[in-house]
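I have placed the structure first, in the form of structure tokens, so that the comments after it can refer back to it.
Each chain carries a letter (A, B, C, D, E and F) given by its place in the written order, and its residues are counted from 1.
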Amino acid sequence: VRPAVFTGPPRPPSDVVARLGEHGVATVHEARGRLGLLGTDLRPVWPGARTAGSAVTALCPPGDNLTVHLAIEQTGPGDLLVITTTSPCSDGYIGELIATSLNARGVTGLVTTTGLRDVRDITAARFPAWSRSISAQGTAKDAVGQVNCPVMIADTVIRPGDVIVADDDGVACVPREAVTEVLTACDEWAAREASAREQLRDGALTLDVFNLRPLVHRLDVQHLPWSDSGYLMP
Amino acid sequence: VRPAVFTGPPRPPSDVVARLGEHGVATVHEARGRLGLLGTDLRPVWPGARTAGSAVTALCPPGDNLTVHLAIEQTGPGDLLVITTTSPCSDGYIGELIATSLNARGVTGLVTTTGLRDVRDITAARFPAWSRSISAQGTAKDAVGQVNCPVMIADTVIRPGDVIVADDDGVACVPREAVTEVLTACDEWAAREASAREQLRDGALTLDVFNLRPLVHRLDVQHLPWSDSGYLMP
Amino acid sequence: VRPAVFTGPPRPPSDVVARLGEHGVATVHEARGRLGLLGTDLRPVWPGARTAGSAVTALCPPGDNLTVHLAIEQTGPGDLLVITTTSPCSDGYIGELIATSLNARGVTGLVTTTGLRDVRDITAARFPAWSRSISAQGTAKDAVGQVNCPVMIADTVIRPGDVIVADDDGVACVPREAVTEVLTACDEWAAREASAREQLRDGALTLDVFNLRPLVHRLDVQHLPWSDSGYLMP
Amino acid sequence: VRPAVFTGPPRPPSDVVARLGEHGVATVHEARGRLGLLGTDLRPVWPGARTAGSAVTALCPPGDNLTVHLAIEQTGPGDLLVITTTSPCSDGYIGELIATSLNARGVTGLVTTTGLRDVRDITAARFPAWSRSISAQGTAKDAVGQVNCPVMIADTVIRPGDVIVADDDGVACVPREAVTEVLTACDEWAAREASAREQLRDGALTLDVFNLRPLVHRLDVQHLPWSDSGYLMP
Amino acid sequence: VRPAVFTGPPRPPSDVVARLGEHGVATVHEARGRLGLLGTDLRPVWPGARTAGSAVTALCPPGDNLTVHLAIEQTGPGDLLVITTTSPCSDGYIGELIATSLNARGVTGLVTTTGLRDVRDITAARFPAWSRSISAQGTAKDAVGQVNCPVMIADTVIRPGDVIVADDDGVACVPREAVTEVLTACDEWAAREASAREQLRDGALTLDVFNLRPLVHRLDVQHLPWSDSGYLMP
Amino acid sequence: VRPAVFTGPPRPPSDVVARLGEHGVATVHEARGRLGLLGTDLRPVWPGARTAGSAVTALCPPGDNLTVHLAIEQTGPGDLLVITTTSPCSDGYIGELIATSLNARGVTGLVTTTGLRDVRDITAARFPAWSRSISAQGTAKDAVGQVNCPVMIADTVIRPGDVIVADDDGVACVPREAVTEVLTACDEWAAREASAREQLRDGALTLDVFNLRPLVHRLDVQHLPWSDSGYLMP
């Protein structure tokens, strides 16, 4: 990979980004046809963290965070920094000084497939951050990858300007061309869920609320009285 | 596995269930002769979650939660839903709508070997839930396994009507035939621990409180003054 | 390994230990030339736990915590108990009774490569503890390893009297001979970071604050305007 | 667990055991209704190993193989030794001396959830053995578990006298009460596969040989000409 | 994902595919600018397996291999079947019957992120196959994903008609548009390696053959006589 | 870590090294008092590989193998190259060109905690090599660590001139000061094993050969006739 920084990527409308963030990861994932989840191993640094932003990407060599410093210069208000490496690395690429700088620039959060350190300070500052691990291990500054290239996390492409949504459920990506369409689908999904929620609170069964009984009937599911000897043990 | 729902399993006395829950996982595990722990990878969705209930079980195909909807219909007050799959799966089988429904039915909690989503909402509702992973990945509704069959988690059998106890230490199972006996043993264990705790707070050593010195003597443990060169480095 | 307890190891000055603890793991790790981190899998039992102490070590057989009871007798105010095993073990070597005893003896914390139980009680007591896993699984008392021998965690040697620093970022070890030198380096590091923090809050870039531009120039990093087709997809 | 050796368990007919072994793990698993597989992490010590036998079980403390020596005394011709531990352990419980002894007693193989050593000698002797790991780490002889108690591996119960079948695909267990029935089902399954194999070799499609087209039709699967732009990238 | 089969994808020239296969995974990976590796966990079913082919892809639900049967119909001579799932699954999607069918159709190999069974037969037939795990666990036939859609493995896109190269080092993908260019780069790379190999056999140092001394000089690497006390222990 | 190459380390007598290699990993490990094993995840690249040598060490940055090229220059006949990294890395640090060079210099083998590539060629050349993973992923040449510093693998210190023994069971290290003493202990251990082997082949029990019956008696192990209902299921 030739060292490069791509400048001036497109950015989606900030109000759309914010509204996707309010819907949260699970709803956005469903509204996008169950695409765009960034796996199950990106965890929030502090419980309750929740954000959305326009992706600025950094592809780094393992054990070296110099590329992150180049990426910071490309960020602005409403952006969210996405960091990954050319081969897996758990080192602490990010600490409270970088979080402080991102915060000062109006960046809405940070997602990294590497490790992260200064958990106490980042938690105290309520800066939204997701990482694969926590590690105080420092990094070198010997080599540069690319900033604002497309990157891949958990078999999902993330391009600069795509929308990243993150909360306690993990992280999801929405391609920038699809944000309006996905937002509409989110609104519809949320409306359906609100209606279902009311019925379930009142004691209705999901089998009825989601109209699953005809399907169960078709699958020929038998209901039998329980008895202690009616099973083959595995 | 033929699709089936077994109805009307036995349930242990609710006051015994509640008292086992108050003792917590570590005490119940010791009182049962160190049997019945469901491994180390079932973690509470929110810190401090703590519950007990009578197991209603669901054995699901991977990637498909239709069986869970059939299981909900079999639950009632004091039950706890236990979900596992025929092959390992980290998808998000459970979200806040199902948690809302379980809550409305008086179900005391949820344990699943799959993933779970809507962490924020489930945490806000203080619904007690344990899972192996957090994942927003949605599931299909194409096939049915069995409800209220015996299931296995971490080499432990769980049958409907067995008691599940869960807290920050993990999850344990007590066979329904043994609940009274285990409760008695828990009470005795807790009494012994209370006495030991007092002595330890006052500065006594565990070597004395638990009468370990004769054993240490038998094992011929030597006490030697420390010196910097007295070790073979590994 | 012959069963043995080494008594009376050296201890570093308590005020130096305390000041290292205030600097925290990330700073101590950097100040020590990026040595001494105990890996990424030792996690605090409760968020925000933070401590430092003089190591008392216990090397135990797998599944057997009798050695821990011998180690407790060797602890005093300002010590921190470090537990590891001769082969990997996730059992619950430590519970609230042992934590209570350590607390009563003025021990400042606990680090174990095994599992730990009674999370609720240890959290309530605010006793600082780090472990690789949470497990209610009980241990035997059949055999003894060594107390106050050097132990290894994550390819790092820990000798009795070395300083252990632990917080949300993990755990670090400082050799007792180096504590004064490392503390001086920590103070310098923290002063530099304080200065940088101010500049970053005011909007300065890390590229300038850390003087990285000459290096970036030497590496011939190109800045190019972004375009959607300018990338080779992986 | 109280130290105990259970003597004189039932044994299934040796010719039935041998014929199940010839069918192999995949066929036995299918013939048993897809039950009884012992997970995916038990691997043969040498490629091509293949055996079957009547289970003699040993449940050991972690890091201690004394129970294995008690189990050897309980084995005879046609038996297969199954070793597991009360908490997970990767130590080398078995080496070439034990394999030599088992071989001398007519034991047909060995399955252990622990580690195993002396791979070179065991391979040279063609003694069939499966383990979770390879490790030269020695074990203690301080404590005893149980011999010929039921044990659990990968959520499957194994009782003494159950049939263990093992090959390159892994390990499966057939309850001793079901061996005749499972053997009949294996014979039928193998006959069906032989017929299908011939047709597939002649160029028939599995869609036709297994009569899958009606199902595909019911699921409304569309066939569309390929075009480069017809996909939503994940 | 809507059930669909895309028919008639483009295929690269078969002689180019064959020559890429002869170069092998490591050379192809280097010649493609270090892109296109499918991770480190796809392992050959038998040592020495080596192949190349034009990708036919199958994206399956977890635990269900019906899509594979639809994919077989789309394969022809020179194709290589690539199987993945919408959520991770270790079940045995492929056995010797499917391998027999693929072999009969002239398919050159098989790569699956799932499990695989009948290792003995597939090895005996020398059918080239790579998988993430070995598992006899059978799959259902309840649902269909897509055939010849783009799929992702280890953050790499694989489209039908892309070239898959596989050997003992793992699996790599070359986009169909790039095959000629990559083949040329492979030829050049191999020629350079052949020249280097001769020099190294004659005792030359890689520092000289690859002209690394100027770089080492620039990095100011010191050469110092060894002494036992010259190191800071970690 | 400052870039440095330490030259001219001590080397143990080559005949002692060779004889330790003949004893193999399990015997050396036992003879050293069960110290010095380098974990369970270093696996031979080809089955049956077996070697011993005097360690030349290389500590590399993650993703960068320039240090390895500096290390090659320090190797000579009878040496064995040991490679590790400052943070975990699975990239392919070593391929057949480096193996060819090491072979030409009389180096007896290679142990690396990283990945390795060109498995086919290294296997064909019968060059003894152990690694944690197989990966074709190439490395950079941007930075240098240290050559012939002490390194750590699996909590074991390896210094230049220590003896490395490796076979199918894994890898072990013997400190250079202890080689003669360990060799004597190996010879004794092997003699004892030869005697036991003969007795076991003749049908003796390990309980008698290793004189374990008094211990079993002391532990009060009961022998009870088997019955199907005599167990508490877990």
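Definition applied: contacts are C-beta pairs under 8 Å (C-beta built on N, C-alpha and C of every residue); 3 or more make two chains touch, one makes a residue touch a chain.
Everything quoted here is computed from the prediction, not taken from an experiment.
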Interface residue identity across copies chain A, chain B - same or different by half: different
Interface copy of B-C among B-E, C-D or A-C, judged by whether over half of the contact pairs recur: A-C
Chain pair showing more contacts of the two, E-F and B-E: E-F
CA centroid of chain C to CA centroid of chain F, Å: 29
Distance between chain centroids, defined by C-alpha means - chain A, chain F (Å): 42
Residue numbers of chain E (touch at least two other chains): 33-34, 86, 90, 137, 143, 152, 155-157, 233-234
Of all residues in chain F, those that touch chain E in their complex: 2-10, 46, 66, 69-70, 72-73, 90, 92, 95-98, 100-101, 104-105, 115, 117-120, 123, 133-138, 141, 143-144, 148-150, 152, 157, 159-160
Chain F partner contacts - residues on chain E that touch it in the complex: 24-26, 29-30, 34, 37, 40, 43, 47-48, 50, 167-170, 172, 193, 196-197, 200-207, 210, 212, 215-216, 219-228, 230-231, 233-234
Chain F partner contacts - residues on chain A that touch it in the complex: 61-64, 86-91, 137, 140, 142-143
Contact set on chain E toward chain A in their complex: 1, 33-34, 86, 152-157
